[in-house]
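First chain A sits with chain B, and in the next complex the same chain sits with chain C.
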Partner chain A sequence: MGTVQLSNVRKFYGALEVIKGIDLTVEAGELVVFVGPSGCGKSTLLRMIAGLEDVDYGRVEIAGKDVTDAPPAQRGVAMVFQNYALYPHMTAYDNLAYGLRRAGLRRDAVDQRVQETAALLQISELLPRKPKAMSGGQRQRVAIGRAIVRKPEVFLFDEPLSNLDAALRVEMRSQIARLHQELAATMIFVTHDQVEAMTLADRIVVLNAGRVEQIGTPREVYHSPANLFVAGFIGSPAMNLLPATLGPSGVALVSGHVLGGQKGEGEAVTLGVRPDRLTLTSAESAHLSGEAKLIEHLGDETILHLRLADGGALTMKLHGDILLKIGARVHARIDLAGACLFGANGRALRLEGAHETKA
Partner chain B sequence: MSKQRKPSAGARIGMLTYHALMLAISAVFLLPFYWMTISAFKTNAEIFSDPVTWLPDPIRWENMTSLLTREDFPFVQQFVNSVFYAGTVAVLVCLSCSLAAYSFGCLRWRGRNLVFGLTVCALLMPTIVTFLPIYLAWSKIGLTGTYWPLITPFLFGDAFFIFMLRQFFMGVPRELLDAARLDGASEFRIWWQIVMPQVRTPLIIVGLFATVYTWNEFFLPLIYLQDRQAFPLSLGLFTFQSQRAVEWSVSMMGALLTALPMVALFLFTQRLFQRGLSSIGLK
Partner chain C sequence: MPITSAPPEAAVLPRRNRKAERGEARAGVLFALPWIIGMTLFVAIPLVVTFYIAQTKFQIIGAPKWVGMQNYEALWSDPAFWKSAQNTLIFGAISVPVKLIIALGLALLLNRATALSGFYRTIFYLPFLMPAVAGSVVFMLLLTPNAGPVNIALEAMGLNPPDWLLDPNAALWTLILLSLWPLGVETLVFLGGLQNIPKDVSEAADLDSPKRWHKLVWITLPLITPMVLFNLVIGIIYSFQVFTQAIVIGGTTGTPAEATLMYMVVLYRAAFRYFNMGLAAAMATVLFVVVLILTLLIFKTARSWVHYEGGEI
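So, the complex of A and B:
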């Protein structure tokens, strides 16, 4: 399995720069997930690695070879598409065999590889069928088979689970995780689904407007977001971003409550608090108080959306089924140990006293 | 079960008027065809008899024998010529236009839209404007009197059919082409093995349109062909009529047998024709 190295990769559509100088190394056997909002360039970047989009500047190396100008088939990559992209007029067998035949393999070698792959993915009984005679999940398994059968250096997945229903998505997700372990394959996976990103990735690359905002393990990007964008993007519900200042006694909220921690001389900062780091408390010990505007009962947990006195919004994620009514006065206390601090430029500051509760 | 509501008297009168009008218009279009059909089975005298007879009595099958055996109108040979001409053009149009449509609809290249615009502009150029220089060119290479000048241009596509096919090619999912590229297929192979099977119906539609168009083509065979044995039916029939104006019954039989293959083709493929027309906004 090969490494993927991107060096200052840039892409223009006319005068518009959509990929703005990306440097990234994906180690052999690693599963890296690209996440980001729509139009951030994650699929374009994947297609540039595949050779389906030209690289205007910079260099792409796969398994140590410069493939910047190489055609897709000579890069040692295989790709799984969102809409499966199976050849509709061919059987599953022919779909799997097509690339091998193009590579000039003999008929018996093609047959052996197809049968082996089908057995691995448990799709042997689908081989004589055409795509229209398969369900969405079966089609995606065949599409993954088409990628595996070529034994590529790198697997590329372009939102492969987006068209599946929730139950199938979970099943296919675990199947991809299993394949990653069994094949020890280098994989790059594009998704906008954070659960997929958090559960599958060895490392997550957060992209925004053609730039890398942060590269890190799922725990790093969740607990230590590099900037306000990552803080707001990763996690559902999103992190609460509260305006604050650094005073002589520590972080002070707009409401006047001083939380302690990092001291300063009145610098404006943003305090990031995950919704699950807020707890219900009494009015006396509260850091923040607000009115319940929306209550989501998820069974084992409750999501509370509050409007604060200063007009700001606050989201709380509470264990258990909390019985509250819309309009109720709610008092919240911040667990500073799980909070993040961002400077005026939006970049993360080291928050003293934070993160020590991470297990 | 809900009761079906009876249409009001006004609505019924409206429907009746509509259908009566449609029948009248259809009759106007069908009358010449009917006249041709019955005349094909009459003698000359019966065709011009007064009062008009609307059914041939007796049916004169000998007109058909006369048509198929006479030497001054090699009908069978000209029928074969027409089949060859229309069939070859249909196949060439499907191949060349689909290649161009693949390039315009599925590939990205600099200047694509400009070239496509120029191609569509060719639709605005009447044949009568360009035929003389093209004729002179063919004449210089000494190929007038053969089917080369009639068929060869279709090797390079036809603006109308390229325009029509491009719409369908644009509907082929881009990921399908990308998957084939990753599988190591060349663009030519992607066109032939991946895209062409997806646009089979539009290709048949284009083939049908090209067949009908060529079957009825008159002007180009007229200027390029001189030998009666080489004529397609459209030209052969005209020549026969102009030289044997008095033999209306045999002429009508010739016209009937010339029209029948296209009528049969239309009847069997009516839906495809309708789809083809609606796809290019002509319906």
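So, the complex of A and C:
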């Protein structure tokens, strides 16, 4: 299994720069997830690695070889597409066998590889069927089989689960995780679904507007976002971003409450607090108070959307089924141990008193 | 390939709402009605009338007189019928496949996404808008033995070009050559098929093999087989009906020495020169039966080589 190294890769559509100089190394056997909002360039970057998009500047190396100008089939990559992209006129067997046959493998060797792969993915009974006689989940398993059967250096997944229903997505996600372990394969996975990113990734690459915002383990990205974009993008419900200042006694909220921690001389900062780091409290000990505007009962937890006195919004994630009425006055207390601090430039500041997170 | 006990394909497909389907079918028939009426009036009824006239002696003036199979017997012993049938068969057997291959090549070129692809597509389609008569006349001028630009160019290259239109050995080939132009509709049909191939399927093929011809033979061609079938059937029908170019170049006698005498020209001659409508109708009936049999044969083989995305025919 090979490494993937991107050195200052850039891509233009006409005058528009869509990939703005990305450096990235994916280690052998690692599963890296590209995540970001629509149009951030994650799929384009994956397609540049696959050779389906030209690299305008920079270099792409796969398994130590410069493949920047190599055609897709000579890069040692296999790709699983969002819409499966199975050859519609071929049976599942022929879909798997096609690449091997064209590479000149003998008939019995092709058959052995196809049968082994089908057994691994439990799709043996689908082999005689054409794609139109399969469900979405079955098609995607065949598409994954077509990638595996070629034994590539690197697997590329372009939002492969987004066309599947929720239950199937969970099942396929765990199947991909299992394959990653069994094959010890290098995989790059593109998704806009954070749950997929968090559960599958060894490392997450958060992209925005053609740039890398942060590279890190799921825990690092979640607990120590590098900037406001990552803080707002990763995590659902999203992190609360509260305007604050650094005063002589520590972080001070707009409401006047001083939380302690980092001291300063009145610099404007943003305090990031995950919704689950807020607790209900009494009016006297509250850091923030607001009116309940929306209450989502999820059974084991309750999501509370508040309108604060200063007009801002606050989301709380509370354990259990909390009985509250819309319009109720709610008092919240911030647990500074799980909070993040961002400077005026949007970059993360080290917050004294916040707990350290290690991957 | 291993045979496993997979359930039949129909078993995994959702069952349709039959009642809604019936309502849709009624609406469908209503929408198609104008066309069905036109088809009945201008195709089906004339077809039956042709079958009838083929068994009569009918010279436009006066009533048709029943003669049974006499017209077919007359055809059987008519050398012009056999000569024209032979010419038409040679013409079709060469021009149809060559035309399909060139049209496919053009479509593959036009399918490449470049900044000018819209421009190129228009340029390639424009000649099709030119009437066949005008096109044939232009080619006659181009191919004039001494003063024609084609022969002047060939002679300048040291070649000894034939008298394209008057040499009995060359004239049929010239007609075949002319039939290759223009290729508008065939190219357009292929282009439509090529553009219908999902981009990711094409990209998956790029990832599976670096060789372009692999993708052409195993992925692209199978996916446009419905268009190949369409162009093949239409091409055969048109080639059997070749008329305009043949009559402009060879007149009603198939000059030179009946080399360009085509079936439809003989049919036309029988009907509107000799006013022998019975014989002409018999020729039309024979042509209809031959084309029908050929088409049915092609459709029968099509099951094994044509891939339909929506389901088999």
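Note that the second predicted complex is superposed on the first by the 355 of 359 C-alpha atoms of A that agree within 3 Å, B and C clash if a C-alpha of one lies under 4 Å from a C-alpha of the other, contacts with A are read in each partner's own complex, and residues count from 1 in each chain.
Following the convention adopted for this analysis, contacts are C-beta pairs under 8 Å (C-beta built on N, C-alpha and C of every residue); 3 or more make two chains touch, one makes a residue touch a chain.
Just so it is clear, the structure is predicted and the values come from calculations on it, not from any experiment.
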item: Overlay on chain A: chain C relative to chain B, clash or fit; value: clash
item: First, second, both or neither for A:348, with chain B first and chain C second; value: neither
item: Which superposed partner A:269 touches (first chain B, second chain C, both, neither); value: neither
item: First, second, both or neither for A:318, with chain B first and chain C second; value: neither
item: First (chain B), second (chain C), both or neither touched by A:121; value: neither
item: A:91 touches, of chain B and chain C: first, second, both or neither?; value: second
item: Per-residue touch tally on chain A - higher for chain B or for chain C; value: C
item: Partner chain in contact with A:129 - chain B first, chain C second, else both or neither; value: second
item: Chain C region in steric overlap with chain B, selected from 3-11, 21-29 or 129-137; value: 129-137
item: Contacts on chain A seen with chain B and repeated with chain C across the two complexes; value: 50-52, 71-73, 77-79, 81-83, 85-89, 98-99, 102-103, 146, 150
item: Chain C - residues contacting chain A, complex; value: 1-6, 9, 12-13, 198, 200-201, 203-211, 214, 218-219, 222-223, 307, 309, 311
item: Touching residues on chain A, where the partner in the complex is chain C; value: 50-52, 71-74, 77-79, 81-83, 85-89, 91, 93, 98-99, 102-103, 115, 124-130, 132-135, 146, 150
item: Touching residues on chain B, where the partner in the complex is chain A; value: 173, 175-176, 178-185, 189, 194, 197-198
item: Interfacial residue positions of chain A with respect to chain B in the complex; value: 47, 50-52, 71-73, 77-79, 81-83, 85-89, 98-99, 102-103, 146, 150
